[in-house]
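Before we start, here is the structure in question, set down as structure tokens.
When the chains are written out, they are named A, B, C, D and E in that same order, and each has its own residue count from 1.
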Amino acid sequence: MKVKNPYLPIPAVVKRAYIETTDHMLRTLELKFLKEEDAQAFHFIPGQFCELSIFGKGEAPFGIASSPTEDGRLTFTINKAGVVTTALHHIEEGSEIGIRGPLGNGYPMELFKGKNLLVIGGGFAFTTLRSLITYFLHPANRSQVNQITVIYGARMPGLLLYKEELNSWQKREDIHLVVTVDWGDKDWKGKVGLVPNVLEELAPSSENTIAVICGPPMMIKFTLPKLVALQFPDERIYTSLERRMKCGIGKCGRCNIGHLYVCKDGPVFNYAQLKNLPRDD
Amino acid sequence: MKWKLEKKDFQKFLQGLMEDYDLFAPVKLTEGVSEFKKINQPEEVYLNQLFTQKPAKEVFFPQSEVMFHYEKRGGQTQTISLEEIERERILLGAKPCEIKAISIIEKVFMSGESIDVYFLEKRRKTIIMGLACNHPLSTCFCTSTGGSPFLREGSDLFLIDLGESFLMEGITGKGLSFQENKFLKEPSEEDLNTAQLIESKAFQKVDSSVPVEGIEKRLDLMMESTFWNRVHEKCVGCRICTYLCPTCHCFDMVDEGGPQRGQRVRNWDSCLSPLYSLETSGHNPRPTGRERTRQRIMHKFNYYPKIYGQVACVGCGRCILYCPVHFDIRKAILWTSPKRPKKYEERSSS
Amino acid sequence: MIQEKIREIAKDLLRTKKVDLVIGFGEWTLPLRTTPLFIRTPEGADHLVWNSFCENNLAVYLHKFNQFKVGVVVKGCDARSIVALTLEKRFKRDQLFLIGVPCQRMVDRRKVKRAVQGEILHAFEEGDQIFLEGEEFKTTLRRDQFFYSSCQTCIHRTPLHTDVLMGDPVEESPLTEILPEVKAFEEKSPEGRWDYFKKEVSRCIRCYACREVCPMCYCEECFVDSSNPKWIERGQLPSDLMFYHIVRAYHQTGRCSGCGACERACPMEIRLTYLTQKLNQEVKDLFNFETGIDLEASPPLSTFRMDDHQDFIK
Amino acid sequence: MMEDHWEPKILAFLCNWCSYAGADLAGTSRIQYPPNIRVIRVPCSGRINPLFILKALQSGIDGVLVSGCHPGDCHYLSGNYVGRRKSVTLKRFLEYLGIEEGRIQFSWVSAAEGGKFAQVVSEMVEKIKGLGPNTRFSTTLFS
Amino acid sequence: SGPFKGQLLRPSDKKHPKRVAWIQCVGSRDSHIGKGYCSSVCCMYATKEAILAKEHSPKMEATIFYMDLRAYGKDFDKYVERAKRDYGVRYIRSRISHLKEDPETNQLIIHYETEEGERVLEKFDLVVLSIGLEPTRSHQEIATTFNIGLNPYGFAQTPAFSPLQSSRPGIYIGGTFSGPKDIPETVAQASAVAACATSLLTKARGSLVTEKEQIPERNVHYQGPRVGVFICHCGINIGGVVDVPAVVEYAKTLPYVVHAEGNLYTCSQDTQEQIKKMIEKHRMNRVVVASCTPRTHEPLFQETIREAGLNRYLFEMANIRDQCSWVHMNQPKEATEKAKDLVRMAIAKAALLDPLPTQTVEMEPKALIIGGGLTGMTAAKQLSQAGFEVYLIEKNSVLGGNARAIHYTLDGDPVQPYLASLIKEVEKSPHIHLMTKTVIEKIEGFVGNFKTQVRNGNEMKEIKHGVILVATGAEEYHPREYLYGQVPQVVTQKELEERIALHPNSLKVLKNIVMIQCVGSRNDHRAYCSRICCSKAIKNALKIKSMAPETNIYVLYRDIRTYGFQENYYEQARDSGIIFIHYESNREPRLERTEDGLEVIVYEPILREDLKLHADLIVLSVGMTPASENERLSQMLKVPLNEDGFFLEAHMKLRPVDFATEGIFLMGLAHGPKSMEESIIQAHAAAGRAMTYLSRRELEIPGIISEVDERKCMGCGLCESVCPYQAIEVVIKRTGVGEKQVAQINKALCKGCGVCSASCRSGSIDLKGLTNAEVLAQITELAFG
């Protein structure tokens, strides 16, 4: 039996592409596999990522923003930074792209069963969290978790991702969504304040609750102590690490922190694991 | 099973093999430099240099390897992967330490659900004819890392140079087909004794005093020690020690060519290069030489053992011999152990 | 003896806090080799040695320590590199204390190893003899048969602009009159030269040791690693290797002190000095400039003269 | 793309203020010259990074011509002087290494020298035809 | 170029002449035919022609017959020396009266007398007559229609001290209409006349300017390159040779191309509309036009795409006419192939182009004039009349500079009254801030934003201004030769003029006066002619002759350089009995002390013996030396000096009053020795040039400038040292994590030559608009296309 070559990108096409933020730095791509059987074979869970490749430019890892419950929809949100991301920002709808994945361990959905869910997101790291939240808001899975509390912050209102969904979530009662910005502007009516302070204010009980936190290093640095202060035990705080990756399958050695490979053993880790890893960030 | 092969028919023996195998063996590039290459004529085989600069891992994990071609035909890009190998191959002249290192790399490339098919294909279709180390150097410390100059593990066939002839031992079943070859004779008793004598003499020569034992535990608590500030100072950050190390297996993937057609290539990479962990945002988790040198030692002696239970160093001594600033990993290992010399408080320990 | 003087001066410098650290050479585990040492306490200075194997160009470490006051042991070529680096604003001259050692030309350990059968286990130097001891042999060699090729043609062995000189200046006469390597190379036909260069450079494994040991190569991002524009690919294509080595040598025009560290560092023993020696010869003929001699003279490619040579222009 | 007989492909860097204008003048005065050169317009002959010339030769282009203002006429005062030093060191170094003499050619052509520009180009095309295709960097020779 | 395609041929038989002779002063300096003036330019003309002829046919021999070699301009003497030394041009001092033709070889025979008086006969293949300039036939018409006066020679008459003013106010004279002059003077006069006219129109400035309102530029950053290609037929100019439709089809297949079309005339007005429509329709963000030379048409197309909302730098041209179809007319196949390559390269470059902002720097409408002499004051008056504020800095306590020591001009007009009225005007003008006894301490900034620290005694003041005019003047050469300073009878012309004006009768009693020309000039230390010493000597000599007719005046000279209308006074001097004795540079006159006074010994070429002249008074015509503080000022302004120490202008002929660095101008004696009239002209000219900057509210900086990537830059200073405009400076910059030494570019000074990005080894500095990546893309596109 011929072993599958994990490095060969599966051909796909860009169905829809639109700019998310006012500073044009974030763009969401909706992809569709060219071949139907690739689409069938593609099963993923929230928190996993894929390596998107543009021939001639290279490859880069992106968290899957869509949820498995959205019937085969596959969306990624790209922050424009380097050669590959710029190329991803420039390609038009209908052009080709290569996908490798699903990669990484994704969120431990089993462990979330029967617990409350506290989701804290910051900036453009909200992609995998959106997948997680959408998964649990789906009627079939809503019952698996009890209380869902979401705190999502961004620097400015224009930089918030998935604005329509945020509004629709706001209207639902089975989810408590708090959206905050560091600096408001004249027509921003919502909360203004840093995520750690908002968390302190909200002070959700840590009893039987799992916290999932993703965001820029500075936000995590100031939010973790707040969570610990609210008696969240280390093993019930999960985060998804952002690291330089190349192969995505734990071979090329690029993404290791200590003995763990972020791409294979992560990117989702609980704080207990991270604690005893060498401080190599 | 053991055979004797006269050196005078060695060339003809190899000629025979080459009919149905591709032969890879060290070839002399220039005075004092040799490299594993595909052999066209048996005369090219050059076994006098104790070990080649680039280790035998190159035969399984080449420094630069095209993974697949891509071509845009009619708006649709086809990818043609290049992992297939038609002809079986023979690796001749690899030393025991290099062969053991291949098994170390094997653990990484062939574990988990995603298998590195390029390495797998080459590994499966290669018969390893190891060559014993009759005269190890003073920089060799393979015995300290659980190896030995006559380690047979990992070789399919094992050659011992008796001077006029080779003693060939069959270790695994592989490569049976050519064992009934006409050049192979029955080894005499006296041959076996000389082989045994050479083996014990070689074993003594190797420095087994390097305290590799228990280094994984010791390094656990040394992550933040000032030891690293002193270790890295003399290292200028070139990539010799990682490219020449038989166990190093990091690589980078890059596209060559334009949007219309080109190829994706995998090249060796080194954790000592500043660009290795530089993120596009400009943040670099290992900004200075201190973190990078620490990463090289920690990965070999702490991280890898944690995952695969054995140290990722085979004690071949290449990184000691070829380092332009004479960084000696044995000193670094010594320095982490309780036996470190007290009076060298001041000395840098690398 | 020079070694004692170096230790004295290092101790004094460290005791009086004139410098934060002294960079020098020390014995290490292998024979015929020394290693750079970073001494921060007066007692540590006892490990400083001086012999014919202090081959590294210590100027390469100075930009790592440009916030500190540094004492450094320098040969003729090292001092010239430091002068060139000062001209390129790497550090201010007053934060350095140069311990100049008149160089007696360094011995090439590879030539010594090829002259004996079997591995050398112990070696020490006495006057102009080198005593070697291996498993089954004991020989002595004359050190002046085994100098590095870059040392043979060196005419600046006494370091200039140093703060202190560890011995009386040596007279500056090259052993071989002009650069033998360049002459030998130039005797070949153009095709022969190109094939020789291509054969040598195709052994390159892109470990960049030649770049990292050179004090003049301190760029944040080398043209080889640049992705916008991407000058060459990352693989082992011989034409890319040739591109790299031509440009690396060309970037040393008027900056290379001819110390030969690049050739010594190469694990694949690729000959490199005949490239930079030729460029130094060109710069001498065309602009009458020698690297690192004059503290004021600006490097040749950073200035111009109206009457520069131009008969190659139609 | 090799027809029956080989036509050299030559890259010319022309400085915008003098040589490019000279080339235009050759055009307006209809002075015919061989069609082998392709021009890249640069502000000054001092803008030519030696890596451009080397990259052109490495990519298999058969000849490189760099043409700028006469000394003293440079629109940017000393651009051509600085460029001249880089050119002489690069040319001598590459010829030392074995690149055939004549592959790289430098010239001063002022805005009024249309005739001279055509002559420089024709001479260069002849020279390169004499030298034959540029196989120095081609990797086919060496596995 | 030229009738014989650049060959030097004899018109009669189209053969190469072996020996060519130039005869100077034909139709000039000849009052019998009413041309008593010197045409000022023929000496240099002949020398230049001799050099060019020798370049074209080195074997040819060039000989120039002259009376006085009038190389009075800046670096002119050096040029003549080069002609002699490098090109072997022979200069023979002898007036040629007639030519004969040798019947057999029809060569031309010239009889001439050498210095030593020996008669020589030489044959030449070609003789060139250096005929002078004369007023055109229309001079007379213009004079009558505008009712302006002409001088006896038919050139325009200009009143004293206002060489640009015709006899009627409001009508100004520029160029050779007012007399023969060289290019530097005519160009300066042009700018000067413009200045005078502008100040009259001050009130109406800017009234007819309509601001072009532009639609905002579309942001193309977050789009991939969408390139539109327009390939021009240019009638048959391109279409006749290049198969344009094939190139269009080919362009359609190239990456990033969203639209490609051929046009008959891309530069026509309706095609501009078509381009704008296509940009809209295909949402193009890059445009490539393949037509003629960008040097002429790039601005036109850039304007068009700007009007369509695209940044003007998102544009690239491929020259497939002047450098393709026109020059490969009988090779259509190869021309089409070449056109395809050029289009492909242009598209590859266009895909990488970035939109470049054209920043603006606001302009401080004030001028700083350094030096309060005649030049400085004239410029100050001119600028104040044009409504601009002026800071006039003078280091001495009193205005006037060198002009204070001049009492009358060669034409006899009194100088001090004019000077006094000028000083009064400057002092009372509201726009001029006069600062005497003030020295410049520090000058910072760049055009539009200069900040200068000046010190008056110990009080410091900072001035904000937009432009700088340098009028630091020059000093009289302090001679060491001829016992000057040791013996009272040896004086300089300046001191003589002082004595003539203030106590004339002390001179009346003198019997013999000997004047020695070119003292301290035209030698190895000062290889230039100070231009005014000859006219000054003749002025004083004529004055003395008129006061004391019977005093003998000897003038020992190397060349009498009374160019232009000053020639009349030279003739007048000879008629009034002043004796002019020529000496060769290698046999200079000697001065000896005898019991009854001083004796000058000079070798008289015609008598071929040493003449002993007993002299009661010896007058040294000394030249001018650059002002002592030029060195310091040039450092502060970062502008160059020439070898002789005078300031170096941007271009000797085409930009005589500009410095290379923008916003700084040069006038008067600081530029080099010149007469008062020429200084006044340069003052107006510099003021005119300054007005072109002062009249703008802000300066537009072109987009094509360099940019530093501060992450990659190590601050090695290589770019700083090669930048021709000193626009780059290595500074210590505070970064997030500490300090870093990086290069910093002064956007206003960078001219976009790209020399810095070619020198930078690590590619940290790059020229926007022609980055390394863009050139590399063109190279790889050409090679692997």
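Keep in mind that, in the parts below, contacts are C-beta pairs under 8 Å (C-beta built on N, C-alpha and C of every residue); 3 or more make two chains touch, one makes a residue touch a chain.
Fair warning: this is a prediction, and the values are worked out from it, not measured in the lab.
Interface comparison, D-E against B-E: more C-beta pairs in contact at D-E.
Legend note: the chain whose CA centroid lies nearest the centroid of all displayed protein CA atoms is D. For the pair subunit A and subunit B, the distance between mean C-alpha positions equals 39 Å.
Each chain gets a centre from the mean of its Cα atoms; for subunit A and subunit C, those two points are 51 Å apart. Chain centres here are Cα averages; for subunit B and subunit C they lie 31 Å apart.
Averaged Cα coordinates give subunit B a centre that lies 48 Å from the centre of subunit D. Shared contact sites, meaning residues of subunit B that touch two or more other chains, fall at 252, 254, 258-260. Subunit A has no residue in contact with two or more other chains. Of all residues in subunit E, those touching 2 or more other chains are 711, 722, 759, 772, 776, listed in ascending order. Listing the residues of subunit D that touch subunit C in their complex gives 50-51, 54-55, 58, 71-72, 78, 81-82, 84-101, 105-108, 120, 123, 136-139, 142. For subunit D in complex with subunit E, the residues that touch the partner chain are 7, 9, 11, 16, 20-21, 23-24, 26-28, 30-33, 35, 38-44, 46-52, 55-56, 59-61, 74-79, 82-83, 86, 112, 114-115, 118. Interface residues of subunit C, counted against subunit E in their complex, comprise 88-90, 218-223, 226, 228-231, 251, 298-299, 301-303.
Per the touch definition, subunit E reaches subunit C in the complex via residues 711-718, 721-722, 730, 741, 759, 761-764, 771-773, 776-777. Subunit B makes touch with subunit C in their complex at residues 29-33, 35, 53-54, 63-64, 135, 137-139, 205, 230, 233-234, 236-240, 243-244, 252, 254, 256, 265, 267, 270, 273, 275, 289, 320-322, 324-328, 330-331, 346-348.
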